[in-house]
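The two complexes that follow have subunit A in common; it is paired with subunit B in the first and with subunit C in the second.
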Partner chain A sequence: MKLSRRCFLAFSIGGAAGTALSPLPWKLTDDLSIWSQNWPWTPVPPDGEYAYINTTCTLCPGHCGIRVRKVDERAVKIEGQESSGMNPGGICLLGLSGLQLLYGPTRIQAPLKRVGERGENRWQTISWEEAIEEVAGRLNDLRSKGQPQAVAALASEDTGTVPQLMKRLLTAVGSPNFYRMPSMEDSQAAVLALTQGEEGFVGMDVEQADFVLSFGSALLEGYGASPRMMQAVNRLRADGGKLAQIDSRLSNTAAKSDIWLAPKPGTEADVALSIAHVLITRNRYDHGFVSQWAEGFEAFSAMVAEKYAPEKIADRTGLATDQIISTAIAFADAKHPLAVYGKGKGQQPGSLKEALAVNALNALAGSINRPGGIQAMAGYDYIQWPALQPDDVAAAGLQTPRLDQKGDVVYPNPGYKVHRMIEAVGAGSADLQALLVAESNPCYSLPGADKVRTAFSKIPFVVSFSSFMDETAMQSDLILPNPIYLERYEDVPVKAGTTRRRVGLCRPVVAPLHNTQHVGDTIIQIAHAMEGSVAAAFPWTDYATCLKETLSDAWETLLEKGHWEVPETTHAAGADGFKTASGKFVLMNETIGAIYLADAPLPAGDESEYPLQLVAYDTIRLSSQYVGSSPFMLKILSDTTLKGQAGFVELNPETAAKLNLKEGASATITTPAGSADVRVHLDEGIRPGIVAMARGLGHTAYDGFLAGKGVNVNQLIAPVEDPASGLDAAWGSWAKLAKG
Partner chain B sequence: MSSNEKHQTDGRTGDAHASSPSDPRSGPYILLFFILGLALSMVVGWSIFPKLLYSQKSQPIDFNHKLHLEQVDNGCQSCHFFREDGSFSGSPRLAQCTDCHAELLGESENEKIFVEHYVATDREVPWLVYSRQPDCVFFSHSAHVFGAKMDCETCHGPIGKSESLKPYEENRITGLSRDIWGRNIAGFKQNTWDRMKMDDCAQCHAQHDTLHDSSVQTGRDACFVCHK
Partner chain C sequence: MKQTQTQTQHRPKRYGMAIDVDKCTGCGSCMVACFSENNVPFKQDETDKLLSITWLRVYKISNNEKFPNTEVAFIPRPCQHCAGQHEGHSPCVSVCPATATDYSVETGIVSQIYTRCFGCRYCMAACPYHARYFNWWDPVWPAGMEKSLSPNVSPRMRGVVEKCSFCFHRYQQARDKAYAEGRREIREEEYQTACTQACPAGAIVFGDLNNPEHLVHQIVKPDIEHHYRSHNPRAFRLLERLGTNTKVYYLSSRDWVRKSGDNYLPGEPVGLQGKADTHG
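And then the complex of A and B:
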């Protein structure tokens, strides 16, 4: 028998028929479809018992109430807490992706001591005992040399038990140098003190306003507690209210507004005072409030009449006269108008003159301490610890001036001028021997980030309490990692423009994943290891005891509800009179007059060399504070912000044409502070002459998701000291752009 | 010359390897080879393929359902219970077992391994679950046990009467147990618990379709009732 081709064919056909008659193809198809619908490498949380835990998000100063869903011991989802007074059910993109931070690869897993050069990222794991001993030893050394003031601390907040423990440690050691990262809270506090004589924070009743006039505040992109703000603005618009946005760039907030004014950056104070001019000359201000409660109305009117008629400022601001007039009239027409300031997310104090001018609009409209207006909120005073007994060394140290004190400002408010401290250290004029950094990333997020790094190189001993390997942790000598907010207890007093005083409770959703220790415990242990009066200042065995004792009666409420509504104690209401010397709201007096007279803070640089203005803008899709953006956030960035590794600047087509730059072109941006390679995105929504760049990219630390992507705009912007307050008022920089 | 013409030329000269269909000598062979192919592939499909498709795994320890069922008061739900929120706990966790087995209770070898390997070291027993469905399948035990008043046996069979755990046959492609498709490779079943495929769910649901009309399109169960 010969095996013919036909035999082979017959065999094959028989085989095919037999296969079809067997379950093989059908079963295989079924299995493959199941396999393909359930890729085995896709992580699926194991089945288990569900639980929801109410806690507080501390990833930004918003401090929203959140609810974390757990399956057994694994946290699987974070959502906004319905019962939260702040952000009913709402959450932002960063808050939503907090689990990527919890389980992500950039967590610091144990106390680390630097073995390589600074920034080289070579570490040795040490024990907690060794770490505590090392810090306590260094601080004791400084004290024995009579230099306790040469230690400073930098935190993201200054209220709540943890920042206060940090401050107490410094005071007990003998240093006045406790700093908080810059925030619009500084200028708000200054405005409140100057106009209302109130020590506290500013509440904004956006919920009850019917017209919101925003001076560059990114209301829909992360300002205040962003979910709350978004809900409030949505409500405003649904109820027929109006939003007016003053922004040199068509931001998301500007795009959703009813009125958009795009003045030249840095002229917002002029715009505000010009609107005041219209309100006064057209007799459209609240006579009741002004006549009964305002001090200095005449002087204020005279000033605006002299200098701020809309036609007088048109050139400077680049706005048409009728734009200002119609905006002012719309503001006056509203029943509950509200003017807000604090650019972007409110991470910079901004100009004090601008803050006062915007606040004056609220006063002219009578929107002070009434529904829909600005509220003076009393500060939190639940921390009542026994008074400190500094020893002689500490007492002497506390007498020395702070590193940020100069005393040459019009209004010497006690805000935190971190840029001055950095400048002094960088220039070698300040003796800073040790710096403790908690929950902040100054080497990335302060303007002039490169200079900050230089200053760090001059500090012999830097301790970071960071939970992540961020830029600042990389520049430190010792890292004592804090568990992240989902793993620890902490009281979180809410400010961020809230009109309800509220302390949130941050509580462990999961047991700490790594060998971390609560920074509160670390501080107490350092103090105890130092013995003597420093140890005596910390009568608690651990942080948990301290927290419970401090909150006393409120602790149970916090545990039960996840937050505590603090009863009003000293709230200044218009009807009860203000806390100023005259008992009135100060629209103008000598100090305020001097602030209005002061020059606008201008970035360094020469317009002839740097013809453009670089403006940093905030977006809800990027985090720009202590915590870097999550991988999820980077995924949803548009590719006109970041494409591959390249970061973009936005440019008006008119400006681009002059520079001969096309969409997507590579270019080099140079400012007096530095230069960087970028790509160009053309957008008609930007004022000509302006280059806009997103804040929150260009990390050099963290992981491959974040590092090396785009440009850190803080490298290109130098701090600009506000002549009125001494605070950093940088909104951008002079810049030039050349084909790259 | 066209290829067509060449073919005809070749045909005329006679080609030993290419007998024409009418060639009487090759007919039986063709049939033989056809049957051979058919038979071989049937053997592969029906018998060898199932053996290759499934790997045999044994459970970490053996378990006697019958013995345990006699000891407890609340039937299957004594160990496979419903949580307060109505969700079903599935295979018991170590914590439940240690309620009774904190220490050795009997003399069984399996219990000894259990106590030494798992209780003493506080490790969960990695049970292999015969009824585990793909991750995209949502199934509510509550709806079936309390809502439809079904008993466990309807789907899980008389496992409560078994004295030891059968080997776990794992599908090498899907990673799921053979019990989902059923032991019969052709998919035939005799008992309701022989298979756990979608058709088996649908079969029962079809009988009760008046109860379930959650889909606007079909007036019956919508896909998303089970596929989430």
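And then the complex of A and C:
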């Protein structure tokens, strides 16, 4: 048979048309897609029995109640606890990401001993016995050399059984050098002691206030317990109340405020005192409270009259006079005004002068220890352990000054001046032989991150109790991994801004995934492995016993309800008066006067060389302390904060035009502390002359989800010592930006 | 969707949402709650937002005024579950050649059936809200992290489109529970989406727009005769004048925010101006 050209064409075209009209290609496409969709690597999550377990989130100081959904032995979802009172339903994104931390690849799976150089990330797995022996041996050596004070510990909190066990270990060994990571708690405690003679913590009754004047506090972005704070602010605005935000950048909190003032960073104390000036000169303060309960009102009035008239400070703060006056009047018009301090999430102590000035506004409004005001909260005292009996070595060590006690300040409060300790160690002027680090990541989250690393290189023995391979764990010699909060028991007393004293219980939701050991047990075992009187200071066989005995009657309540409302001890104020010498609230005395006179803490550098001001801002979408941000958090980060691996700075278009920088341009930011390559995002919602940068990026440790993305702003900001308190009060840094 | 179960009821359910933009703080917890509830995958680099699967996405909008008169607001955008001008004529449902996306007249929810989807992405082109996402890759969970996957929602595979389902599995669970207990109706609090439940600001309200007892109905005050347009002067819907008849309502007291929900000519007053009845 001969195949002609015509015949061939007819056959091919006819065949193609026939196939196309038949169901065959569609059936094949469908089969192909079904086949490719059933490739076996798409996981099929196994079903099982469902259960909910109530526990407490410890990822931030808010300590919300959470409930975890389980399917058989797997935890599959974290939700907010509706009945917990702390967070009336709702939960923040960090709390929601807990399972990514639990099952994530950066968990440390067993005790590790460094084999390579520091930071090289080469480890050898050792047994818990070896690990405990090693730490106990080192501490014994130091004690036998008569240097027990050369041991220091750094924890994220100083209340609760675990930090207290850590502190007890140090005391038993003979070192006064227990530190907590710096936070606004330091300034708050100082303010409370100075003005009310009270030891404890500050409660803020946002729930019942009708005007909140916030000095840079990120009330809606992670300040205190976020769900509680957000709902309180929304309640306030729904009831016709107002929120005034003082922030050089239109933060999410400022975006939700009714009044937004954007002064130059570092001038907040001036703003507060000029508001005080308006209240006093216009006779708009609470005469009842001031005449009956305030000490030093005349001196205070004289000071603000002399120096803080709104028109006098307008230039310095960059605010218009009438802005200050109208804000002050709105504050005075409110029935329950509340002024709040502590910048961002409250993770920096800030300037004591500013804290006192803001608190003075509360006093002038009478908002002290009354509903809708600032409350002096008694500290937690449920930990009643037998007194320590230090032996001779320990007693001698405890007599030595703490590493952060050098240098003069107006008010030598007992806060934790971690930056001083770091500086002294880095400069070689302090002898630190061993450092224990728990639930904190100083190598990343302290300002002047490079200096911290230098200091670490001078400490011969660093032990990390971290659950994750973070920057500090990388710089340590021994890692004794702690199970994370979803795998362990622990008491978590809540302090962050709450007006209720409450202890949450965190309890195991799943069995520990890795060869970890509770840091409480590790401390007890280290103590038991030591010589002298150290072992005797820990009369418990393990942490579980210690926890149960410590909480005694409250333990059952905790187990049953998941939290324990601590009975209120008698409050200050009211008819009993304050706990100060005069029985009054101290608005002004010699010490406070000296603090008001002290210079504002200024970062190093020269405005002529560094014409811009770099401020670090907190966003709720990033975590910047011990816990790193989860993959989910990185996923929802805006592409004007992070794009690819590049981190952004925010800049007013006016400033950018002067520097000839366009949206998305690459640039180099330089400060006296360091420099970094960034990209530029232009935003009208920021004061001209300011460069803003998010906290929480630029990790070098962790995994590919977090490491190497953006810039750690802490390497650009050096700590600035507050002349008043000695605490770190850096608001940012002088900076310059150049096309790069 | 089986119709038999609903025949005893007066009016079918119409699940919808009211999001108070004045309350929303832009924290993004709703997004993370959604990811974790619905097994949404994550990659090492999610900064290309066109390739980032976010069933719910929070947009930041600005009034574009100069400092210090700048204002911003946040618009969380789940799937809007359009009903269209005639019940069920959602833009996406109308174009799907595989019946992989369907409109439930029982609940008003627009579904997505992954195993039927063959990835033509017509629906993505049709959706005016960019609420649909395509899986360009198979999802990968780092070793161990697949343990946190929920069995209630199947992980998706390469080559299919996915989107917000108003946490339909939660509806199924609530319905099963109600039937097991001999009830015909599920209570308002029994079926809430993950984002509503998580929102720390309490900005999201979810429920049945047809049920006067539900809070969402009371807030929205829908005009049932006129494509469910809201009687609440604070309420608006996104691109309402397209006639998509969505079930997600936004509330704001700020004019510029309401105006940002649709395209207006300069000087044109904000609102529907009677145009909702036309085919846009």
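Everything that follows uses one rule, which is that the second predicted complex is superposed on the first by the 691 of 740 C-alpha atoms of A that agree within 3 Å, B and C clash if a C-alpha of one lies under 4 Å from a C-alpha of the other, contacts with A are read in each partner's own complex, and residues count from 1 in each chain.
Note that a residue touches a chain if its C-beta (ideal position, glycine included) is under 8 Å from a C-beta of that chain, and two chains touch if they have at least 3 such contacts.
This structure is a prediction, so every number in the text was calculated from the model and none was measured.
Using the contact criterion defined above for the overlaid structures, shared-chain residue A:Lys335 touches neither subunit B nor subunit C, since it reaches no partner. In the superposed model, A:Gln37 lies in contact with both subunit B and subunit C. When the two structures are aligned on the shared chain, A:Val71 is found in touch with subunit C, with no touch to subunit B. Shared-chain residue A:Asp47: touches subunit B and subunit C both. Once the two complexes are laid over each other on the shared chain, residue contacts for A:Ala17 go to subunit B alone; subunit C is not touched.
In the overlay built on the shared chain, the residue A:Phe8 is in contact with subunit B alone; subunit C does not reach it. Note on subunit A: of its two partners subunit C and subunit B, the one contacting more of its residues is C.
When the two structures are aligned on the shared chain, A:Arg687 is found in touch with subunit C, with no touch to subunit B. Look at A:Ser638: by the touch rule set out above, it reaches subunit C but stays clear of subunit B. Of the two partner chains, neither subunit B nor subunit C is touched by A:His287. Residues 30, 34, 37-38, 42, 44, 47 of subunit A lie at the contact with subunit B in one complex and at the contact with subunit C in the other.
The part of subunit C that touches subunit A in the complex is made up of residues 22-23, 25-29, 31-33, 35-37, 39, 42-49, 52, 54, 58, 60, 62, 64-68, 70-74, 114-115, 118-119, 138-139, 141-151, 154-160, 197-203.
Only residues 29-30, 33-34, 36-39, 41-48, 69, 71, 74-80, 87, 89-93, 96-97, 99-100, 102-105, 220-221, 226-227, 230-231, 234, 237, 250, 252-253, 255-256, 260, 262, 513, 620-621, 630-639, 642-644, 652, 654, 684-688, 703-705 of subunit A touch subunit C when the two sit together in their complex.
Contact residues on subunit A toward subunit B in their complex (touch as defined above): 1, 4-8, 10-19, 21-24, 27-28, 30-32, 34-35, 37-38, 40, 42, 44, 47, 49-50. Those residues of subunit B whose C-beta lies close enough to touch subunit A in the complex are 17-19, 26, 29-42, 44-46, 49-50, 53, 83, 85, 87, 89-90, 134-136, 171, 173-176, 181, 185-187.
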